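The structure that follows is given in the form of structure tokens.
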Amino acid sequence: MGITFTIIAGLTIAAAVAAMTLRNLIHCALAVAVTFAGLAAAYLQLDAQFVGFAQILVYIGAVSILIVFAVLLTRGGEPSQEKVFSAASVTGIGVTLAVLGVLTWAITKSAVIQRDLPPQPEATVKQIGDALMTKYVLPLEVIGLLLTAALIGAVIIAMRDDVAADVRRRNKNSPGASVAENPPPHVGGYNN
Amino acid sequence: MLGEGIIKGMAETARNFLGSYVSDERLTTVQYPEERSPQIENARQFPFLVFDGNDPMAGLRCVACQICEKECPPKCIYIVKSKDKKPDYKGQLQLYPATFDIDLSVCMSCQICVEVCPFESIKMDTEYELSTADRFGGLLVNKHRLAKSNDHYRKIHPKDAADSDAALAMEVAKTQAKARAAAEAEAKAAAEAKAKTTAAQPAPQSP
Amino acid sequence: MTPLAGYLILSAFLFAIGLAGALTRRNAIIVLIGIELMLNAANLNFIAFWRFGEHPEALTGIMFVIFSIGVAAAEAAVGLALIIAIYRHYKTTNLDEVDSMKG
Amino acid sequence: MINGLDQIFVTLKYWLVGQLANVLPASLLPLVSVLLSLVPILVVFPALFAITTVLERKGLGRIQNRYGPNRVGPFGFLQFAADGIKAIIKEDVVPRAADKVIHFLAPVVLVVPAFLVYSVLPVGRNMVAMDIDAGLLFFFAVGAASELAVFMAGWSSRNKYSLLGAMRAVAQMVSYEIPLILSTVTVVMIVGSLSTVDIVAKQSGYHAIGLPNWFVFTPWGFAGFILFLISANAEANRSPFDMPEGESEIIAGYFIEYSGFKFALFFLAEYLGLFAVSGLAITLFLGGWHAPLAALEFIPSWVWFFAKLLGLIGLFIWTRGTLPRLRVDQLMNFAWKFMLPMALINLLAAACWHLIGAGATRWIVCTLLVVGFYVLLGRGLMAGKKLAKRVYRYAN
């Protein structure tokens, strides 16, 4: 086990622990971004370039930003004085330790870990693209559908109630007209 | 069509860009320390104190009435009255400011001190190169630095200075006329008193 | 210890940390972060087994992780939208206080 | 001789590595090789930043009929040195309420990705620091990290303006990343590779009429180039998309509470980002380091790259001098109602181009698709708007 892996693993676990224990939610979000970066580095170490970069692009570029926005929208940015851990924390810790114990036991007892590192496999972007378009084309389409549904669903769930009612009323009155096309009139008669 | 305005704007700026190299008349700025653009007629920066004659301290018009100190909105003027008196331009004995400080870092150039001064003694200067390395002391100006001659005022604001001179001259003339009238009245009274003593009869009240 | 065990142990620890956070923290956003961590731990397992497996040319591990990242992104978007909706309704993101279904 | 000049830096590097091989142990040689590839990046692009600041100020000055900086050095070209010295010797102020660690980390996290992205840009023949299979993905993945840095800077300052600026910047960068990547995907579709070197190699050669084989000279390539430039302008937070900084409303946005050298780092990162996206635009659409005419190929390839880079920088400066700042709602409307549909249609056009095969048909089909949709979209967006001079109802 190389020194690079040790550093990456240490950083990742430390950041994960920080993300789960810090009081300030923004600090948690930034720490979890470090965890994601550490995981991307681990993927790169495992010669999975495409997945590593996709991990950075999606998790650091999008999910972390989303979390940060959610924290700010729910006013979690200010440090609160109330308790960090919930009432059931003792049970939670117990369950966690049990899971960790079982996992560690399974890993150390397994015969798979005796395997040595095979030669570097070929996983070029071209191969991945070909596989996505042939063998895995159905899952790809399903993922596309899922993402579209999630996009629309997230917009509708997060839409304010009054805006939603507004849209409904407008649609009843004039079909096809939406909020964005009819902004409220400005005082200054200023057209953009 | 969408984007048409952008093309037009880009052409306009390109014309400016190239034109500024071709004709110097397009360039609107001046190269400051070497060239200066002339100041406008009513330019004003910070106040100064006007004095008459050659001696700044003796000719100071200010009589330490403290009206400007009270009226100053940011309270940047500080005046201490003198213990003794000195004659002013009319020859009357008046107080004078023992201390007259203006903090230019506080002053906002509103000109209210000039408006309220009944003695035409504080005016606005056009001097603007006042930057100094001393952050606190350098901009606290005392009466020695504030005092500037009436000639200076005539130079920077000729029209206002003429008005102010006329007003002062009128004041002087009024004072002199009054003095003359008083002197005449006194002379008349003296003459009447003499006549009374000689004629021994009551004289009418002098106006 | 072989490298594979190192990656598996790292993954197990991440999973446990995520689980602990999801079970013990009171804030809904942190719970969501914990779930994301668990998903990521599983992804690391996929990549590690793909790299050390017998048929890396099959790309199954990589494909699984790519789809998993897609699902996780959708999950985060919907989850955070739900949290915002809950916040708007209850004025809190504290899960202990969002208990109107409690019998 | 021609080839020697073209490859002079590559030869120099191998010669240096060869010389060092006699001195250093063999295990250090890969490290030395990497360092020799990175040091030029760390020197050349900050130097370009220094030159660009002066050029930008002079250019903007001329656009506004002024001289611009003309005091320090000949024609003011040493102004950057004066600015740099000033930035270094200034006091470094950290707000008392600030989150000290994050406040310190933000400029570092911003500058490191800004430098990292250059490692996949081919600046000349055989001159790329890192030819990786997923080069474009690397570029965008690393670039995405800067959003988090911007947020860190804005949030840790504990200033409402900086937080507002950071939120605006992040929202803007996320929105414009979509058309940016979609306009890149067209090129990826045609080339069939994410490697920047392959993309440049595909654009070698010349048309029959003498035009180079660049992607910008195709209907989808031209539309993609324009879309890419607009999105790049927004990604780099430059005028007219500079609401995150908006001096008149939120003073300086997310770096309001930074001073001295940290402020200079923000400035550097902003310009490095601009050069990087310009370099990517050159790589994707303007033929990378290829000469525009066959007769001009004797000029070294890296000269061509930097000439094109300077040209694009000039274009950005010109736009900055021309267009006023947008409003936030205008910016978002533009991103989602114009850029995104246009990029999607462009993707369709590129697919048609790929499927129809060489000939006049694909030119006609692609041009009609792109231009027709552009006109329709423009009409649709302008339909409800009565464009007129601004009136002040109450003031009059």
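To keep things simple, chains are lettered A, B, C and D as they appear, and every chain counts its residues starting from 1.
Here is the rule we use: a contact is a pair of C-beta atoms (placed from the backbone, for glycine too) under 8 Å apart; a residue touches a chain by one contact, two chains touch by 3 or more.
Small disclaimer: the values here were computed from a predicted structure and weren't measured.
Student: Quick one: how many steps at least from subunit B to subunit C, stepping chain to touching chain?
Tutor: 3
Student: Subunit A to subunit D: how many Å between their CA centres?
Tutor: Roughly 27 Å separates the two chain centres.
Student: Using mean CA coordinates as chain centres, what's the subunit A-subunit B distance in Å?
Tutor: 71
Student: Can you work out the whole-Å distance between the CA centroids of subunit C and subunit D?
Tutor: Inter-chain centre distance comes to 34 Å.
Student: Just curious, how far off is subunit D from subunit B if you go by their C-alpha centres, in Å?
Tutor: About 58 Å separates the centre of subunit B from that of subunit D.
Student: Work through the pairs of chains, note which ones touch, and then classify the graph as line, ring, star, complete or other.
Tutor: Its topology is that of a line.
Student: Strictly by the criterion at the top, what is the full list of touching chain pairs?
Tutor: Listed by label, chains in contact pair as A-C, A-D, B-D.
Student: Okay, in this complex, where on subunit C does subunit A touch?
Tutor: Against subunit A, the touching part of subunit C is residues 1-10, 12-21, 23-27, 29-30, 32-34, 36-37, 40, 43-44, 47-54, 56-57, 59, 62-63, 65-67, 69-78, 80-85, 87-88, 93-96.
Student: Which of the residues in subunit B come into contact with subunit D in the complex?
Tutor: It is residues 1-3, 6, 9-10, 12-14, 16-17, 19-21, 26-29, 31 of subunit B that touch subunit D.
Student: Considering the complex alone, what residue numbers of subunit D touch subunit A?
Tutor: It is residues 102, 132-134, 137-138, 140-142, 144-145, 147-148, 151-152, 155, 163, 167, 170, 174, 177, 192-195, 327, 329-330, 333, 384-388, 390-394 of subunit D that touch subunit A.
Student: Please name which positions on subunit A make contact with subunit C in the complex.
Tutor: Against subunit C, subunit A makes touches at 1-2, 5, 9, 12-13, 16-17, 19-20, 25, 28-29, 32, 35-36, 39, 42-43, 46-48, 50-51, 54-55, 58-59, 62-63, 66-67, 69-71, 73-76, 82-89, 91-93, 95-97, 99-100, 103-104, 107-108, 112-118, 121-123, 127-128, 131-132, 136, 139-140, 143, 146-147, 149-151, 153-155, 157-158, 160-161.
Student: Per the contact definition, I'd like the list of subunit A residues that touch subunit D in the complex.
Tutor: The touching residues are 26-27, 30, 33, 37, 49-50, 53-54, 56-57, 60-62, 64-65, 68-69, 72, 77, 124-126, 180-181, 183, 187-192.
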